[in-house]
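The following pair of complexes shares a single chain, subunit A, combined with subunit B in the former and subunit C in the latter.
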Partner chain A sequence: MSYTAWILLTGSLVGISCGLVGVLLILRKMAMMADAISHTVLLGIVSAYLISSSLDGGSMLIGAMLAGLLTAWLVQWFESTGIHSDAAIGVVFTTLFAIGVILISTSVGNVHLDVNHALMGEISFIPWNTVHLPVIGQIPQATLLLMIITIIVIAVIALFYKEWKVTTFDPALAASLGIPVLLMHYVFMTLVSVTTVAAFDAVGAIMVVAMLITPAAAANLWTDKLLTMLIISAVIGAASSCAGYGIAIWLNTSISGSMAFATGILFVFSYLFSPRHGQLAKWFHKPGEI
Partner chain B sequence: MECIFITQKQFQKLCKRMVNKVTALSVKNLSSAYQKKVVLDSLTFSIEEGTLTGVVGPNGAGKSTMIKAILGLQPRMTGSIEFFNGKEKKLTNRLGYVPQRGAVDWDFPTNVLDVVTMGLYGQIGWFHYPGKKHRKLAIEALEKVNMAEYANRQISQLSGGQQQRVFLARALVQDADLYFMDEPFAGVDAKTEKTIISVLKELKSKGKTVLVVHHDLQTVPAYFDHVLLLNKQLIAYGPTEETFTKTSLKKTYGGEIHWMGSDQIAESL
Partner chain C sequence: MIRLLSLFESSNFQWVFISTILLGMAAGMVGVMSNLRQQGLMSDAISHAALPGVILAFLLTGEKQLPVLIIGAGISGLIAAFFIYGIEQSTRIKRDAAMGIILSVFFGGGIMLLSIANRSGGGQSGLDSFIFGQAASMVRSDTYVMGGLALLVMLLIFVFFKQWKVVLFDPQHANMMGINAHLFSSLYTFLLVLVIVIVIQAVGVILMAALLIIPALSARYWTHSLLILFLLSGFFGGFAGAAGTLISSSESNLPTGPFIVVTSSGIFILSLFFGAEKGLFHLKRYINKTALQSDGTSGGDEK
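Now for the complex of A and B:
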């Protein structure tokens, strides 16, 4: 596969996995949590590097998962002691992120891991760092990781579809039905963490938030069905990645920046033109007649 | 002729069950707090199977908290809860919960039929998806609350009363034995109020036990055969005609109560 094809595939996988997880994030009103986890994952990656002194996918994933769960647990704990949830999130993630930044600059030194890379990602390097697989042949490491994570995300959402639906819509009912609401919360946080770390290399910590939130928010404007929303969000995510790459080549600028910009454009388009919730539709329909 | 052999112990148990009514819910010394503020102070009561109980008390009396603490949705500091004399191991399909309407996001991307089907998720079980059979049950429940024509309606397009009827249908489809309803009558239209009353009557006729948090004191004697007066502590619990008196209401509401209408309502009971 050509260099461009690998980048488009990697970008689409980021769009799909983030788009799917993002739908549950915004419906659970946890967009801020995505922002938090996308930053604290850095601490997980640095700690994993310091312990295993390698940057392979496995140790990074475990580090990120633990950091994500630590964030979710700390936020939950602060909340239970009476601190407002937005303040708890703000305090926890900035502190953990800061520890990550300090560790990078003091302990890690000159490896490939640097703050700039962590924040912005570098998708254009991805096709060069390959691993060999038996049947498929040479495949970029980050792309392989994203494929695995995308499959996991789809499987976890599909297998527990009705549980996600009811714990998101009405957690109290879910609990009275015997569904472990808190466990589902932590499973979901793990899902957000691994998706974030898989997308990390491609788009970085800041842009991954755009990939998580914006396609899902746009999809919410097009449909009133959860399943359709998941599909539209994944499609918008993948489309923004590809469009973003095109924009970056055309303007000769940052790829991850262009991808996030493309999600923004698609959101604005949805905001204006979606048939039911779009601003133009609201203009033409008088209040009351839907 | 078919014969059934039972041991003496089983026979005694059977007799006991027929003579003494089963206790659906037994609460012992239940306390709960938000941070350090105590909202429920050592409640002890037990509710007989097949009764319709109105839970009454001023704002902040801990009515919703009590229900949540009983269902395990709110941490409790002390106390023990026993359902159906503690003989049930798997309770999930026997308890039904109707939360306050405002507790959920009505902009959630789903329709009426889907929300009602959620009541069946516990019975459907892990790794299974709702099928035709479940949708049929959901439609039947919707018919009972006069909402069948709205089955495919987006939930964001419902009025407050319709939302409440959807929640009620969801509780009905659960086919539980013990129901907890948090202010189902709050802010609903006359049609919905009638539907709720007929549903409550139907549940009672089927021998179900229902606890309803209720605000409108005027209608308590008409709707409920038992009443539980609560203001952080349990003020009184018992049959409505004995318990729902002016004295105990004054005790529940402190000096705040202004009795609208005739004085006789409470006293004549």
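Now for the complex of A and C:
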């Protein structure tokens, strides 16, 4: 496959996996948890590096997963002491991120770990770092990781589709049906963390936030059905990646920045033209008519 | 200790030290208002959204003067705040999702512009520092601008203290008392954006939220009075600023922002556990509890 094709494939995989997870995130009113986890993942990666002194995908994934769970658990605990969720998230992610930056600046030195890189990502380098697989041949490491994560995300959502639906829309009903709501919460947070770290290596923290929240919010304007929303969100995510790459080439600028910006363009389009909840539809129909 | 004292002899360190204290205080006080409005993370969204404004200001004027960049950041931050409220009010999207959208899309746009600015030449270190903060590189003129604005923020809070009190706790009542709640709401957004754009320079975009949220949250564990809340939060913020600057200056190449944040998190943990009003283990509650228990046993006798 050509260089461009690998980048488009990687970007689309980020769009699909984040788009799917994002729908559940915004329906559970936890959008800013995505922002928090995408930053605290840094601490997980640094700690994993300090402990294992290697930068292979496996230890990074485990570190990120643990950091994501720690974030979710701390936020949950602070909320249970009566702190508003906004403030709880703010305290936890800034503190963990600050510890991560301090660890990098004191002990890790200037190895591969670079905060700048972590935030902005470097998707343009991805096709160069390949592994060899039987049958398929050479495949970029980050792309392979994203493929696996995307499959896991689809599988987890599909297998427990009913449970996700009930715990998302009516946690009280879910609890009375005997669904372990808290366990589902932590499974979901794990899913967010692994998706984040896989996407993070490719496109950086900020773009992960864009991909997790914006396509899902846009899809939320198009439909009321969960399954349709998941599909639309994944499509918007993948389309934003490709459009973003096009913009980046056209303007000769940052690829991940453009991909994040492209999600915004598609959101504005949905905001204006969605037949259900778009602004134009609202202007043409008098209130009460819908 | 001698090394710390010798730090103060460096005039540049003095300016940095004064700046971080003033910025910490101003951020702590504005944080009280945003925490009471349960909008802590607005600061995170606005600080990310300030980036495109900063870069555009640079691209348009070709200057890296602090006042120019602050104006750019301020305009873009206000637009972001306006969009967030707009999305929240005109669609079914919740505020936290609206914040996430604006934060990431604006920041993405900022990164696009930054890479264009980097390509078009000229040393860009000043622009990169907007993302990660560079307290240590502040000079005297920066202190005048930032310190002056920080003092203005604190002044506006204290001059209108009575109005803020009503507006924050009971906006409906405010209108009856002849206070224009809408005006003060706008003034609050203005103060929030102002304090964010000046603090970004010191601690960077990502850690900005900590300076607003953490001191104000910590102060809540010590008092119920709004005035003391403002003073205490300002004190915590200033203390964290001072301590963080001292620690990071004790060795070369340590970042300032993260140490300010970790210091204020330390204050938060202490407050959470030992705070005199709401702390988890505070003495008063312990005494009350034992008093209740002894009451309970005497009550049991009466039964």
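As a working rule, the second predicted complex is superposed on the first by the 290 of 290 C-alpha atoms of A that agree within 3 Å, B and C clash if a C-alpha of one lies under 4 Å from a C-alpha of the other, contacts with A are read in each partner's own complex, and residues count from 1 in each chain.
Here is the rule we go by: a residue touches a chain if its C-beta (ideal position, glycine included) is under 8 Å from a C-beta of that chain, and two chains touch if they have at least 3 such contacts.
Values in this document were obtained by computation on a predicted structure and should not be read as measured data.
In the superposition on chain A, contact of A:Ala98 is made with subunit C only, not with subunit B. By the touch criterion defined above, A:Asn220 reaches both subunit B and subunit C.
With both complexes superposed, C is the one of subunit B and subunit C in contact with more subunit A residues.
In the superposed model, A:Ala172 makes contact with subunit B only, not with subunit C. Once the two complexes are laid over each other on the shared chain, residue contacts for A:Met32 go to subunit C alone; subunit B is not touched. Once the two complexes are overlaid on the shared chain, A:Lys162 sits against subunit B while remaining clear of subunit C. In the superposition on chain A, contact of A:Phe261 is made with subunit C only, not with subunit B.
Overlaid on A, the two complexes show subunit B and subunit C touching the same residues of subunit A, namely 29, 81-82, 220.
Residues 26, 29-32, 34-35, 39, 81-84, 86-87, 89-91, 94-95, 97-99, 101-102, 105-106, 115-116, 119-120, 206-207, 209-210, 212-214, 216-217, 220-221, 247-248, 251-254, 256-261, 263-264, 267, 271, 277, 279, 282 of subunit A are the ones that touch subunit C when the two sit in their complex. Against subunit B, the residues of subunit A that register as touching in their complex are 27, 29, 81-82, 159-163, 165-166, 168-170, 172-179, 220, 223-226, 228-229, 290.
Subunit B contributes residues 35, 68, 71-73, 90-92, 95-97, 99, 103-105, 108-111, 114-115, 118-119, 121-122, 124, 126-127, 129-130, 154, 156-157, 170, 174 to its touches with subunit A in the complex.
Interface residues of subunit C, counted against subunit A in their complex, comprise 35, 38-41, 43-44, 48, 87, 90-94, 96-101, 103-116, 119, 128, 131-132, 206-207, 209-210, 212-214, 217, 253-255, 257-259, 261-262, 265, 268, 272, 278, 280.
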